[in-house]
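Following: one structure in structure tokens, then a few remarks.
Chain IDs A, B, C and D follow the sequence of writing; residue 1 opens each chain.
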Amino acid sequence: MKRIGVFTSGGDAPGMNACIRAIVRAAVYHGVEVYGIHRGFKGMIKGEIYKMDSHSVSNIIQKGGTILRSARSKEFVTPEGRKMAYDQLQKFGIEGLVCIGGDGTFTGANIFFEEFGIPTVGAPGTIDNDLYGTDYTIGYDTAVNTALDAIDKIRDTADSHDRVFFIEVMGRDSGYIAMPCAVGGGAEIVMIPETETTIDEVVDTLRTGWNRSKTSFIVIVAEGDDAGNATEVAAKVQQELPHMDARVTILGHVQRGGAPTAADRMLASQLGIACVEGLLEGRKCEMAGIINGEIVYTPFIDTITKDKLINPNYLKMVNILSV
Amino acid sequence: MKRIGVFTSGGDAPGMNACIRAIVRAAVYHGVEVYGIHRGFKGMIKGEIYKMDSHSVSNIIQKGGTILRSARSKEFVTPEGRKMAYDQLQKFGIEGLVCIGGDGTFTGANIFFEEFGIPTVGAPGTIDNDLYGTDYTIGYDTAVNTALDAIDKIRDTADSHDRVFFIEVMGRDSGYIAMPCAVGGGAEIVMIPETETTIDEVVDTLRTGWNRSKTSFIVIVAEGDDAGNATEVAAKVQQELPHMDARVTILGHVQRGGAPTAADRMLASQLGIACVEGLLEGRKCEMAGIINGEIVYTPFIDTITKDKLINPNYLKMVNILSV
Amino acid sequence: MKRIGVFTSGGDAPGMNACIRAIVRAAVYHGVEVYGIHRGFKGMIKGEIYKMDSHSVSNIIQKGGTILRSARSKEFVTPEGRKMAYDQLQKFGIEGLVCIGGDGTFTGANIFFEEFGIPTVGAPGTIDNDLYGTDYTIGYDTAVNTALDAIDKIRDTADSHDRVFFIEVMGRDSGYIAMPCAVGGGAEIVMIPETETTIDEVVDTLRTGWNRSKTSFIVIVAEGDDAGNATEVAAKVQQELPHMDARVTILGHVQRGGAPTAADRMLASQLGIACVEGLLEGRKCEMAGIINGEIVYTPFIDTITKDKLINPNYLKMVNILSV
Amino acid sequence: MKRIGVFTSGGDAPGMNACIRAIVRAAVYHGVEVYGIHRGFKGMIKGEIYKMDSHSVSNIIQKGGTILRSARSKEFVTPEGRKMAYDQLQKFGIEGLVCIGGDGTFTGANIFFEEFGIPTVGAPGTIDNDLYGTDYTIGYDTAVNTALDAIDKIRDTADSHDRVFFIEVMGRDSGYIAMPCAVGGGAEIVMIPETETTIDEVVDTLRTGWNRSKTSFIVIVAEGDDAGNATEVAAKVQQELPHMDARVTILGHVQRGGAPTAADRMLASQLGIACVEGLLEGRKCEMAGIINGEIVYTPFIDTITKDKLINPNYLKMVNILSV
């Protein structure tokens, strides 16, 4: 393999740039040419493809977002679109791909390989951490720390005012972000998609605390919780406990940005190198991850179809720690 | 005057603790006893009053919130409530008060003086900065920096994705927080209560930028803007520009917390000392502020009734800088 | 076991407070009384022992340092000193101990058990991460992120000025802090105690870069490197490369402070609970750690005598990434 | 004036990029062409001059350092060097200059105008704040906040360990950085070039505190203090108080980097616009500053020869607050 392409796809995550840097420099180190494809599959179809070298990735390791940008592509879903993408890669002589993204990205890369034989090795880049095949995804540690920093600030005001704060963090299908935010933020209650927490339980916990003269509470709500998002949960609770001063904060996209943490830079750097070396060793349609400190390659199909379960002990921790 | 009381009231603001520290230590320095009144007028009525000394305020200068806590008091609005508060102060031998708060606090203190002759000198503690009689209020600089830090993070993801972000910052009646966020956050548009910005103008600016192939935008919306809050503005704009990917972020109470900035610690420390020295000099019903680097005392009544105007040049700056 | 004591010892580390909180609350949760011993073995001898409850550890999870404080004790090294400590524990009816500290702490606890039969279970609290029996020690992740944040700031000025920065990070015997700082900080060179890097090699790398018109460099030096500390290394290099503008920064104790990261709060919380539960299960002279995501108890003697080796791949990473 | 050049010179400071952005966009706004000159006078002589437009300064407002870089130039000190610089400007058709820097930069620009008639208007870019003609210099607020953040971290460990920390902050000739660090960092002692503080006084203050059972202290030392730098001061004090555990931290170049604060972005943006508008109005050899909220232009010669005095009340504040 003489020439490879690199792109980012799906939601951006802090550490993607650190990973791009590692991919480009590992390619250079191994004597392989590397091209950056802008805006994911969309730019691949349009030929937004540029040569990169060691210098192209100077001074980006600490930057949030992705210098290669990201986009949704409706065209790549169609055979015609993928053919156009293939033609562009042919035109530039690109023989293999490294992508950073999530299950949507890997699904596309899988189909693309079946149709055109272009191998892809991918790195897990998503703040959600809900990808099978790696202990942590790139961006997750940063997102949690960003959320926690905001929760620390809210606690200042919660403590000063006898208030209940309902804080919504990201997590459409999982409590991966919510859980360390609850433990690390000293929350009394955490509501995540993986477990059922009824409004009645929340009301009970708050009422019990209140009766023990505890007057400020923090409730962490994963955006995809069954009981509703933070705004909905707060409204229902407020109805039962009208004397409580409830406030809602939705952290939103702030969680996607910022300089990556040390752990995310290490992870992104290791996986970027592993992707390139995996591709050069002949791997295809596999994601590089780190499990128990070791690089592990997992077939894309497994990362898409298998579930990664959250540690069940964490909920018990929240209970012990809010005693 | 031998013994004074100190309390915080209204919304909490970063730097209140630094101010409490300065008040307590200035009292000790000048040989005056000082009592902390918890939860503002509410705690004054209930007699939540405790002796403080130099050690009580160790290691709090860097902390958000207020160790004296804050609360709304419905009782203090009534003559009976104020009588109870007066009785408590009598009981503890408190002859003068220093408060940290906003116009609501000062209004209460004014009435209280008229009825019972207890003098109060106040420091402006509110993140909103819309108090006449001081260039800056305690907490304002921190709130702006907190909001700006969040905007920096959002920009990472805005740039990576061709998105329009509508970011709501605090400011029910003023654009004091919104304006430096817009200038410092490199926003294309800022919507503040002081000036009229129509949805049509916003749409025009975005469309013009879009046609010049600019694809990511940041719009700062003060929560009290006439065109609506960020959610409402975004919905209206999206209707006109359905091809744009619009996202809303509401920073909320995160802006109230966090370690105060250097400027807020300096301001809070200077004003805390000025309050105590003003009270000892015989001032009553005045707020200590800093204007052009000098300590200035302004009657409470002026801080309540007069408007502080935002610098009109700032809007022009946003226009020049988003060229 | 009805009553236990908790103390911190050795150098303080961010997350110690989060761990104290977990220990106290886990004790309360399991119906055991808990006493805080101030200033480690020193305070144990002096009887600085105070009852704690759930409320004693409110709002400390985010704080750096240790509310129980830490100190060196010369007396505890003597049999007489330990006897005094034992008498104090007897007086308070303390039957078991939980400590947070490093190998010095564990050595003391081991001897103390042999002499007086008071069992101790410990949590690894040190920013250095060089303790056998756990993947990470409490405080390590925070220290690395603090150092990295400083390195990011220095890089701004390095890039603006064509300079070589020699940045000294903590690590008397190991490169655990230096290594992720080098990878994550985009350093060209890293000098750690575990591997020999000669001044000649450093000079060669800088000269080669310089000749390829690279003009700003970052060299991370662990304080205990064989070639000398950062000041010494810089002086030697400057002698060989007098045209280079070399600057030295010594991060020092800044690395010990600050709010703990999410990872450190999670680790500290898990280990605090594990210490209490281990002690109640009858463990003695063991350290609770986390290896590959699982709680593991390791005899104190092993944590003291066995070496934890740094991942040898990391050095190769620095080489690839600075291509 | 149809075409202007912009450059940065001297030590870099956070906010220089925000100022460059404002200069470039103000030029575009007013229909003037703008060229970036790299590496100050050095690059001017070598012709490192490149056209800039609105897009050249996208997404730099939050970045530390200077994208135009900075350098010392020995050649510009000579008439021959300045002639070469003039020839380059002629070649590019540059009729006026905007610079960001300190008194060295302004001195050079003054001589250059006298010899070749090229007018320069400058913005004060230095973290030291010791320039006459403006209340604050660009970068000062950020540097103080960076130092304060480090001091907050050190205090965590100081409080945990009964230690005296001597923290050296920047300030060769002034205490501008040291003073708010002392007030905001809750230091017991501050040593600045403007006032004499003898070692005996320091020892007295520490001994008095110690005897009142205060056991942790923070002493802020401006690098240029008469009594020596922090290392020297600590050694002398330690000799008198050998029982105290003294530690030294030198913050160094960390203070030069980092994302600029809101205040620095506002200041830099206002001054950047003011420089361009001043130049277009015919000003020459003047520095734009802000005094009491108003733009003020001061002749370069005054900024070089006149002293800006630190507020004498600040030292009294430190005494009151460390009661």
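In this text, contacts are C-beta pairs under 8 Å (C-beta built on N, C-alpha and C of every residue); 3 or more make two chains touch, one makes a residue touch a chain.
These numbers were taken from a predicted model, which means no experiment stands behind them.
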**Item:** Partner chains that subunit C and subunit D have in common
**Value:** none
**Asked** What is the distance, in whole Å, between the centres of subunit B and subunit D, each centre taken as the mean of its C-alpha atoms?
**Response** 29
**For subunit A paired with subunit B, centre-to-centre distance based on mean C-alpha positions, whole Å** = 35
**Message:** Could you work out how far the Cα centre of subunit B sits from that of subunit C, in whole Å?
**Reply:** 39
**Fill in**
Listed in rising order, subunit D residues that touch 2 or more other chains are 152, 155, 159
**Request:** Determine the shape of the graph in which chains are vertices and touching pairs are edges (line, ring, star, complete, other).
**Result:** ring
**Request:** Would you please name all pairs of chains that touch?
**Result:** A-B, A-C, B-D, C-D
**Request:** State the interface residues of subunit B toward subunit D in the complex, per the touch definition above.
**Result:** 18, 21-22, 25-26, 28-29, 54, 59, 61-62, 135, 141, 144-145, 148-149, 152, 155, 159, 180-181, 183-186, 259-263, 265-266, 269-270, 273, 292-293, 311, 317, 319-323
**subunit A residues touching subunit B - in the complex, by the definition given at the top** = 8, 11-12, 14, 63-66, 69-71, 146, 150, 152-157, 159-162, 165, 247-258
